[in-house]
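Chain naming follows the written order as A, B, C, D, E and F, and within any one chain the residues start at number 1.
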Amino acid sequence: MHELGVVHRNIERADRTAADGLAAFGSATVHEAMGRVGLLKPYKRPIYPGAQVSGTAVTVLLHPGDNWMMHVVAEQIREGDIVVAAITADCTDGYFGDLLATSFRARGARALVIDAGVRDVKTLEQMQFPVWSKAISSKGTIKATLGSVNVAVVCAGMIVNPGDVIVADDDGVVCVPKALAPGTLAAAAAREALEGEKRAKLAAGVLGLDMYNMREPLARAGLKYVD
Amino acid sequence: MHELGVVHRNIERADRTAADGLAAFGSATVHEAMGRVGLLKPYKRPIYPGAQVSGTAVTVLLHPGDNWMMHVVAEQIREGDIVVAAITADCTDGYFGDLLATSFRARGARALVIDAGVRDVKTLEQMQFPVWSKAISSKGTIKATLGSVNVAVVCAGMIVNPGDVIVADDDGVVCVPKALAPGTLAAAAAREALEGEKRAKLAAGVLGLDMYNMREPLARAGLKYVD
Amino acid sequence: MHELGVVHRNIERADRTAADGLAAFGSATVHEAMGRVGLLKPYKRPIYPGAQVSGTAVTVLLHPGDNWMMHVVAEQIREGDIVVAAITADCTDGYFGDLLATSFRARGARALVIDAGVRDVKTLEQMQFPVWSKAISSKGTIKATLGSVNVAVVCAGMIVNPGDVIVADDDGVVCVPKALAPGTLAAAAAREALEGEKRAKLAAGVLGLDMYNMREPLARAGLKYVD
Amino acid sequence: MHELGVVHRNIERADRTAADGLAAFGSATVHEAMGRVGLLKPYKRPIYPGAQVSGTAVTVLLHPGDNWMMHVVAEQIREGDIVVAAITADCTDGYFGDLLATSFRARGARALVIDAGVRDVKTLEQMQFPVWSKAISSKGTIKATLGSVNVAVVCAGMIVNPGDVIVADDDGVVCVPKALAPGTLAAAAAREALEGEKRAKLAAGVLGLDMYNMREPLARAGLKYVD
Amino acid sequence: MHELGVVHRNIERADRTAADGLAAFGSATVHEAMGRVGLLKPYKRPIYPGAQVSGTAVTVLLHPGDNWMMHVVAEQIREGDIVVAAITADCTDGYFGDLLATSFRARGARALVIDAGVRDVKTLEQMQFPVWSKAISSKGTIKATLGSVNVAVVCAGMIVNPGDVIVADDDGVVCVPKALAPGTLAAAAAREALEGEKRAKLAAGVLGLDMYNMREPLARAGLKYVD
Amino acid sequence: MHELGVVHRNIERADRTAADGLAAFGSATVHEAMGRVGLLKPYKRPIYPGAQVSGTAVTVLLHPGDNWMMHVVAEQIREGDIVVAAITADCTDGYFGDLLATSFRARGARALVIDAGVRDVKTLEQMQFPVWSKAISSKGTIKATLGSVNVAVVCAGMIVNPGDVIVADDDGVVCVPKALAPGTLAAAAAREALEGEKRAKLAAGVLGLDMYNMREPLARAGLKYVD
């Protein structure tokens, strides 16, 4: 359940090295490194291609059509944070534009992940302030009802706790619980270390069937070849 | 209800200065300047990023899978118009491609807004003929049934009357009724004049909470801070 | 019905000249040249703009969340093929990334058309390995259940038989049955030959109404002009 | 565009005989009698099966998540009206339940057609107060912002003017413009008079191919029979 | 690809005993008996609850908004058939109502499965003529373009060949290829024979964990119990 | 993030009186009594109309297409529980049918709330075992991968913790956190006590405008009446 009308000022943020370091691996590798969990639903898309970030989550819970709490969350942003915005019901309105992006950036935010719409996307790309949203919409919002800041939220189907690490790129958005961040960083690095060698083999024409020793289990599962 | 089989040749177009001048403000500012109405649903997206236009609407009503009336509306286009195409039922077929774009441009059209699909999008981008559509599809259409030109239509959930002003950019598409166009131009200009100063303050780290005097109303609404 | 657990090694591929030559015409012209059939549903989109390809289909049928057969199909790829991947139920998981693309390319594949998600899209664009998919998702897959290779599949609503020609570009994806490929190539060429002249006329302001002699049939259908 | 903050008290309602008589023919026949226009999009569904009504539209325009104007429109209802509720943006909240239904019925309303959600559907069925909605949802709404009553609205893609006739049943919802209501009643009656005889023939095994003389036009269009 | 303008009069129908006998087992059991393939996508729903049928498929391919071929397929129906209607592009129009149902029934049809909309659903339920569709819509169709009868079609994502067996109930619709029908009947019967005993055990409180001997494989897979 | 491979055997269940008593008020009243939070998204629908239940949540997290953990959760059910099933990615497969319902009921379960599909719905209705699901599908599942039991899950966009109270009826599904259950029961009762009197007034023709004293605030907000 969502707690309304409360701003938690002191949150425990994930280990800084992990929070900063996970960006380099990207969402797909991090998702694998966590055991294939933590991914927000794939309708969450970047508003422009090419951005790849990680940071610590500050969360905000808003109501449909009302972005009042965006100004409240701005004050809670610290250097290296990513704002994660959830809405209490489905909404595609444009909660966020270039003015708020200017404010968020000035406070130290690296990105916004929002389960609604945003606007001024051309300017946001010029500013290189990345956003992952479910819609782009000119539709403005009012400032009338209280939500909360730094409570656990559900964003695109995933629980995000304040201080968790968010990793986002063109493939999607992953949430790494703060306690797991250092381990995930190590696992992602280990995983990526193996990829270079594999890529070289595959580029040389070696088949995954052979490289991963799949022929025997496939045959055991009953795969038949027909000429 | 939709009137079928009729072409209205003489329509009253919105004030030219307003119709031309609104482009500079973009759909989000214009939508706000109108009191947050007039927006087409956000599934309406540009086929390529970066275009920003405004112009007077000539409207066309078509049937699913039938683009015959596209040729009829071409004749009614005047310099500075934007064609707004509505369909009598949901359809994603490709009603429009580079040949029609060539024709529309030759007649003076600035853009197309269509509640269906288009094709030849690579060529359309090369031509820089902007289109806002709900789909991209190779699927061709037939030429068999009558619709109408320059009647009131519903496009992406919004009533558009012939002669209204259309403002479209990466954030979406807004329809400004012709009678409101001059006032909306003034309101948009006034609105934008305030934004530069706000942006500078926010960039300097001033919070919206303070700039907009929100702390007192938030407290009154019951917002609690927890450490 | 789908045949499971079988790999057909010897398939008849469409005529090479047709399979290679259709790319130049693009999906919209090819779809028209076939009598407006063969199009995959328009939710199938390129992961980056600008690619335009044709080739012979090798097909693979997979289960939701399981990409094991991707490694099996890799071995069946020959120079000039396009892999067409169908799933036995709706799924948006990321079945394919840069490692598999490296392998597919090494085997001669030109592209992937998949009725699910892919990942590593930034790298895929850098490699210029085009993919038409229904989603982009970091979500990884397991390798546990058998599907089939080179059976008839349904991809985005269209039957694709192994060896058919696939034509794909920014407008969509068309499947040309292998027996119809040479005829479709001829028809597409004929169709395109007519377009240059039409474009010139339209650019000069000639109306489609006149160029296509539509005024009389429109009047006969009952179209009325009102001043 | 939508006019906000206005209640039109005196509206011209469609001819009473037509408004009452169209119910008997149902939405499909009325839609055909109008020349196949006027239909609201088919996502609009009855909350329980079996109701079949017609009446004069009183319209209300509301904001997402805000049902304040439902109480305003209640006062404008007269005997034989159907309330048509449109929302300025997509919303599935439950705007209406058994209390409002009690009030609407007491004022003379026959039904509600709403482009959002409703709740208390079990009680509404017990009361036999029919509703056509796009969702069923427990989610409540606030009472904070002004909309309008008895302005032209777009509901499920169709323009509805106050006083138009609404015809709704298990097949959907049709809007008949008030000026066309008497003619549509006559056309629907004529149409239905022909159906009894057709039904008897078809039940006896006569084919539509013969009854409608389709064999010749089908052959002319090129239909081929293969044994 | 779809073949247009052809009616195949002589099709091989599946074994009658199997085609008739599969109804009793229902779509879920038949789908399992086939190895979990053959299911049409679950958006295909019955227009009223409770019908459970099986029969041999006669197929018809139609264009969006055009039901002309419905009259052509009527002539090809024989006692015990189920009509399977596919559309060349997405469409929700009401292709079928009580008149066509009267005709289909008079020809021997048991049901309709259609990848579009139908209307007159209240009357269809009174007639007890079952339909599985993707929409209910009053919207009528025209009779202008040729499709085909008794060609392979794709309906709700599944290939259906003329003569295949269709099994449909409240859980969905399955297609059993004609060659597999007798074997599937036997497999379904064997499957169901085991269910009575299982149900009795489960009703007595025996856990599936024990009845299916799952505890050991779950432990081996790593499942941990925490108190 | 989701914890995988763990079964929590000892969970704290909400107060029994509250858990049992909330059913009588229904999801809409309970949602209001909680301050309009706690609602699962409205795509979650009952498989048959009329059921109204409440109980304590036991939760299960499953993978797409895999219902193995359904047997694991069965053992953890106690009298008065409602099983809440979440899936790690979107899926409409039929995870649950009459055999599992027999088992769940034998263990004491009152209902199932699942963010996927179910089957055997006709039998489930005959058994009067209510289910709220997002789909109905014959599609079976495998038993291959571990999920968890009695961990926090996200179901239809809402966080559900083991032991929370679930209230479900035709209007939707609400989750009441266990700590809030007694207070919510009291608030719901208080709310309902007021409704009888209101209903009587409204039925007598009193307007909400007057009963709720809305005329003055509406005027203050600027509402204008036009004759």
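Assume a residue touches a chain if its C-beta (ideal position, glycine included) is under 8 Å from a C-beta of that chain, and two chains touch if they have at least 3 such contacts.
Small disclaimer: the values here were computed from a predicted structure and weren't measured.
Interface matching across B-D, A-C or A-D places the copy of B-C, with more than half of contact pairs shared by residue number, at A-C. The angle of the rotation carrying chain E onto chain F, fitted on C-alpha atoms and rounded to the nearest 5, is 120°.
Computed from the mean C-alpha positions, the centre of chain C lies at a distance of 43 Å from the centre of chain F. Chain A and chain F have centres, each the mean of its CA atoms, that are 28 Å apart.
Mean C-alpha position of chain D lies 31 Å from that of chain F. Within chain D, the positions touching two or more other chains are listed as 36, 39, 89-90, 92, 139, 145. Because contacts link the chains in a way that matches no line, ring, star or complete pattern, their graph is best described as other.
Interfaces, counted as pairs of touching chains, are A-B, A-C, A-D, A-F, B-C, B-D, B-E, C-E, C-F, D-E, D-F, E-F. Per the touch definition, chain B reaches chain E in the complex via residues 63-65, 89-93, 139, 142, 144-145. The touching residues of chain A, when paired with chain C in their complex, are 26-28, 30-32, 36, 39, 42, 45, 49-50, 52, 169-172, 174, 195, 198-199, 202-209, 212, 214, 218, 221-227.
Within the complex, the chain D residues that touch chain F are 5-10, 48, 68, 70-72, 74-75, 92, 94, 97-100, 102-103, 105-107, 117, 119-122, 135-140, 143, 145-146. Only residues 1-2, 4, 34-39, 41, 88-90, 152, 154, 157-159, 164, 175-177, 180 of chain C touch chain E when the two sit together in their complex.
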